[in-house]
Amino acid sequence: MLTVTDLSAGYGPVRALDGVSFTADRGRVTAVLGANGAGKTTLLRTISGLHRADRGSVELDGSRLDRVAAERMPALGLAHVPEGRGVITELTVEENLRLGGLGRAGRVDPADLERVYTLFPVLADRRAALAHVLSGGERQMLVIARALMARPTMLLLDEPSLGLAPRIVAQIFELLRGLVESESLSVLLVEQNARSALSIAHRGVVLNLGRVVADDDADVLAADDQLRHAYLGF
Amino acid sequence: MQQLLNTALGGLTLGMVYAAFALALVLIWRSTRIVNFAQAPMAMVTTFVALVVVDAGHSYWLAFAAALVSGLLLGAVVERLVVRPVEGGPEINAVILTLGLFIVLHALAAVVFGNRYRSFPAPFGVRGLEVGGTTIALTGFGVFTVLAVLVTMGLLLALFRYTDVGLRMRASAFNPEVARLLGVRVGRMLTLGWALASLVGSLAGLLIAGGSLVHPAYMDSVVVYGFVAAVLGGLDSPIGAVVGGLLLGVALSFVSGYVGSQLVALAALVILMLVLTLRPGGLFAQAAARRV
Amino acid sequence: MATALRRGRTWWAGSVLGRHLLVALLGLVVVVVVLESASDFRNLQLASMAYLGIAAGGLTVLTGLNGQISLGHGALMAIGAYTTALLLDDRDAGTPLPLVVLAAVAVTLLVGAVVGAAAARLHGPYLAGATLALAVAVPGIALYFKEQLGGEQGLRVVLPDIPTWVLDLAFFVTGQDLTRSRYVACLAWLTLIVTFVLLANLSRTRVGRRWRAVRDDEVAAELAGIRLGRARVSAFVVSAAAAGAAGAMMAITVRLAAPSGFTITLSLTLLTAVVLGGLGSLGGALLGAALLTFLPQVVTDLGVDAGLSDIQAAELAPLVYGLVMVVVVLVAPAGLVGTARTALLRRRLQRAGTGTSTSTSTDTAAPTSTSTTSKGTTT
Amino acid sequence: MRRRLHRSAPLAAVLAGALLLSACGAGGRSDDGDGGDEGGGGGATAPGVTEDSITIGAHFPLTGVAAPGYNEIPTGAKAYFDYVNAQGGVNGRQIEYLVRDDGYNPTNTSSVTNELVLEEEIFAMVGGLGTPTHSAVVDFLNDEGVPDFFVSSGSLQWGDDPENAPYTFGWQPDYEIEGKIIGQYVAENMPDAKVGLFLQDDDFGDDAEKGVRQFLDEQIVAAERYTSGNTDVGPQIAGLQAAGADLVLAFNTPSYTALSQLVALKLGYQPQWFYSNVGSDADLVGSLLSRFSEGAVEGGSGSLDGVMTTEYIPGVDQPDDPWVQLWQKVWDEHGEKGELTNYRVYGMSHAYAFVQALLAAGEDLTRDGLVEAMEEVGADLDGPQLAPFRYSADSHLGISGLRVVEIRDGAGEDLTPVLVTDIGDAEIAEDDSGQDGDAPPESGVPEAP
């Protein structure tokens, strides 16, 4: 379980997060929603240690994450797939995956590789190819697979649907739902596309200008017309 | 005919040294997107370290090892203390910084080790090998030079391609932020990259020095030629650097022998400009057009 | 009364050119006074400072305003110097001095256009490496064409006799006879002032704004309809022209153009001057040139006093330059002038009560953020 | 300061107007002479000379690529001047010797010479090194009337034209006469040799080639030039080898002697080598080559055995020579760290000559007096040089000759007596002055000639 308490962060004088608190339950998908500039990406970056918090705390299953450097997160069970996916295009598919495995224990367990190749057969076919040649959907699969290599308990996903065709988005969300169910993975999903995010999320947190304006079950949020119009744009 | 062969062979040995030097530049470029203009004086300093060991009565190989180790350390220290603050900053700052370092190391070496010519030993013969009754311009040490550079290149390639550390180093170079998210200690990898590069630079220094004369400026011309060789190979590719070094070494040797030694530097400039204009990605460019 | 005064101010303050000319005129007065009171030796030192300053001024425009680095300005100076030497090969050469300088500028400008066209495609380390190769290659040309360019010995430069009207004028103004070294120093400083007025003016015009736009954001500049290549080449050409003038003054001061005068050290020296003073600032370039001219003697003397041998003491000057270069980039990338200006600005803001909001951004990203020229934007 | 500024305030206003008026020549200058020349020092109060001191200066490369080796010359000269000072100086005056670094860059030479002459007010320049460097200041020194003695370079410029450079004196045998003597020796003794020239690409190589070709033009099969600073001479030596040269006359600096020997080994090229004096410092070259073990190159000073060269002053390879014994004593007493080297011997030798020149000029030391004294008695100066100087009113060229030697066990073995000549068509003759047999006075300080 990820617990965020009174988290504040900013860029110079600009406040991007202002006292954000919420929890993301184990084995569930929690969607973080909000308009452009609401602070969603900063939230993920602050949780994973890429950005320093000015105030507040982050706990994952009881251990504090704030003040922990980003490179130690995989060992603590937190995986962050950044916005724009973060495929290292100069490396091969398998090298990308191995890199994911190295983060947890410092070495790669061949069983992990086999597991993700079974989950993503399309990657197994192209394991020796440079990631550069993959399509957008394949890249998204690669980064999720790479994150799974570290056997995370908590997966942070930043805008996985960005720039992908609806059919591919559906496919990926379906896959995520499966993972959450089969592996009791927790997912913190940042999306601008609120409708599809809420369709797989159990819970939703709505941010506006760095503050939490709503935090409820996904179907409750989806049913709240006022909220939808004001913050979610559908 | 014999002159042709000997000029080519001389160029080959020299080219191998340029190759090693270019390799060092490539390593740093890959890891930090910086061209280390201080590479030559760094190598020069480590060669003088070797000379101190030799003067103390120890064997060549101990001196050789001492130079490589001090190269490793010097590279790490320079990256950690001096270069780290400008990484990721404006390109010009890094250029100016390494040039400043160039001047500092030069002056320091002249004060500490003295500004005079010294001879540097070679572990193998400096007499040309005999092939079919005629001596060709390839010495035992020349053979060692060629082998040492090829082996170094092979080891580096293996390191990058087949080891976890190599994978981490490449990831840090290509995408530091993603590498961090995947648990790679990027800072350490960059330090390691500089250390390795400086080690290879030291090797280049030792190979140029062996069986010849050293003084604080003995590596200076290599700054330009090593850079041209690295650009020839594309600045990103270790194999490219070695091939670039070889081509340049042979080409410059012919210019020196058949046109005039005054024009060697001009020839290097012309080659550089041709490559940058016609094939900006270097002779071995894989990816599409690259910003040069 | 107050309005009259204000109006009185605006007639010159309003026009950039006017302001620059006024500063230049003041500068000229200061220069004449200083040169008149300085000894022959100081005059020649000041002449060296002037030609270093001219070249550094050109380089700072290129690097500071346009973001291109050049390690090849020493080579461009060589072209100016050799042109001068070829035109002033004996006392009866007959070419008037201003014409000689103009020719030196013109030839260097042409070469600069070629180099600049090739360089326009390059950036950062590639450009640095290519211009470094240029700096190393050019002296070799003088060696190869020994008959025409004098080889290693170089070409002597014979300064034509000082025209009588100049002697008369100098006497009229200063009340004493004009020595040769003072004449040379006057020439160099006059050239410096003219060059700086042109550079300062240019950098405030549309051309200068384009250079800065290209430096700050290529994509934005391109979208704004600026042709990147053309802006880069024009900056390089202007900078080269300044280097040509500097070369001419150097040839006249040193009375020789020889390959060993244009080693890579010279190019590095110029870069040092520019970095010391602060990229993009003409005042900074001049300050850097002053430090380079006067510091070696001081540092070497200090070294000798501290008990070092002549040989060791001689290495101190480069050691100090190098260290200063490293430290400036690490601690105060805006250079001495830039840092001082930021500090001043911060103090003024603090006094005005606007508090601490001025961040240190100028200190950490100099080349992309110090955009002001010496005739600053503070007015 | 304040006063000066006040006085010049109205000056500024005048200036603008004056610029406009300038063409009309609005001045009122009384004196029409040319403003530059202030001439040599007159009377007993010559610049740089006091009751008890004489200040002299020199420019040398102490930093940079050219510094190795050359930076030792001033340490030798300084040791000798200190030695003389310790014995009471010259006519009761202590010699203060200022050395400035020019990094072998003419621009720097010009500025440090300005400093020495205008700021430090040296009496004379002594031993300034290098052809391109000294070229930059020779006019200035002569315009200012500063004695410019014993330029450390064998270029003809230092003394072949006393009319235009009345204050400049050469010291070592110029490269042309060395070339002539070598050329004649080879033509007479090795008429069948196929001669290759290995030349430094500057006045050194050029002047020497001119001298050599006077006698050997027919025999020369190749002339290769190397650029100082480019240490890869492989292509040049390969060129000599390809041309079939079996005798190489090399006019290069000592480091290039070592480099050329190494490259020759590499190429299996074994001609007879004949290095000019500059490059044949057996001790230095030997120490440079000594590291190449494996029996490839003999260690120590024997590494140049069998090589021919020339001599004009005794060097450290002749420890029994009375001059070298004096230098050793001077170095032990007043030198810095390090061994006595031939560079230091060179510095001491010209310092010795300069002390003699000072003595010759007498107690009332003036710049012009010094030059006159040199023109009068310069040809008769004692000293380590094997042949006399050529100094006269018509020539300021230095030592008139040398002898050809072959290096055996690290020391020169005479192949000819001392031969003297002059530039141009002058005959080559045996020297009969007896200069090579002399010894320094007991005190080690010359007496007034």
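Order of writing sets the labels: A, B, C and D. Residues in every chain begin at 1.
Rule of thumb we're sticking to: a residue touches a chain if its C-beta (ideal position, glycine included) is under 8 Å from a C-beta of that chain, and two chains touch if they have at least 3 such contacts.
All values reported here derive from a predicted model rather than from experimental measurement.
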### Message
As a teaching exercise, work out the groups of chains that remain connected by touching when chain A is ignored.
### Response
one piece
#### Entry: Longest centre-to-centre distance from chain D, chain (CA-based)
A
### Query
Which chain pair is joined by more contacting C-beta pairs, C-D or A-B?
C-D
### Cα-centroid distance, chain A relative to chain B, in whole angstrom
43
### Task
Report the inter-chain centroid distance for chain A and chain C in whole angstrom, where each centroid is the mean of the CA atoms.
54
### Query
Just how far, in Å, is the C-alpha centre of chain D from the one of chain C?
36
### Task
For chain B and chain C, let me know how many angstrom lie between their CA-based centres, rounded off.
34
#### Entry: Contacts with two or more other chains, residues of chain C listed in rising order
140, 143, 311, 315, 318
## Note on the structure
Multi-chain touching residues of chain A, meaning two or more other chains, are none
### Task
Would you mind listing the residues of chain B that make contact with two or more other chains?
107, 110, 115, 220-221, 260, 262, 264
### Message
So which chains actually touch one another? I want all the pairs, not just one.
### Response
A-B, B-C, B-D, C-D
#### Entry: chain B to chain D touching residues, read off their complex
2-3, 6-7, 10, 14, 54, 107, 110, 115-122, 124-128, 130, 134-139, 142, 211-213, 215, 217-218, 220-221, 253-254, 256-258, 260-262, 264
### Summary
In the complex, the residues of chain B that touch chain C are 29, 34-35, 37, 82, 85-86, 89-97, 99-108, 110-111, 115, 220-221, 223-224, 227-228, 231, 260, 262-266, 268-269, 272-273, 276-277, 280, 291-292
### Contact set on chain C toward chain B in their complex
63, 67, 69, 71, 118, 121-126, 128-130, 132-134, 136-138, 140-141, 143-144, 264, 268, 271-272, 275, 279, 311-312, 315-316, 318-319, 321-326, 329-330, 333, 364-368
#### Entry: Residues of chain D that touch chain C when the two form their complex
4-5, 8, 11-12, 14-16, 18, 21-23, 25-29, 31, 34-36, 62-64, 67, 71, 74-75, 99, 101, 103-107, 110-111, 114-115, 117-119, 131-133, 135-136, 139-140, 143, 155, 201-203, 206, 227-228, 336
### Query
In the complex of these two chains, what residues of chain B are touching chain A?
164, 167-168, 170-171, 174-175, 177-186, 287
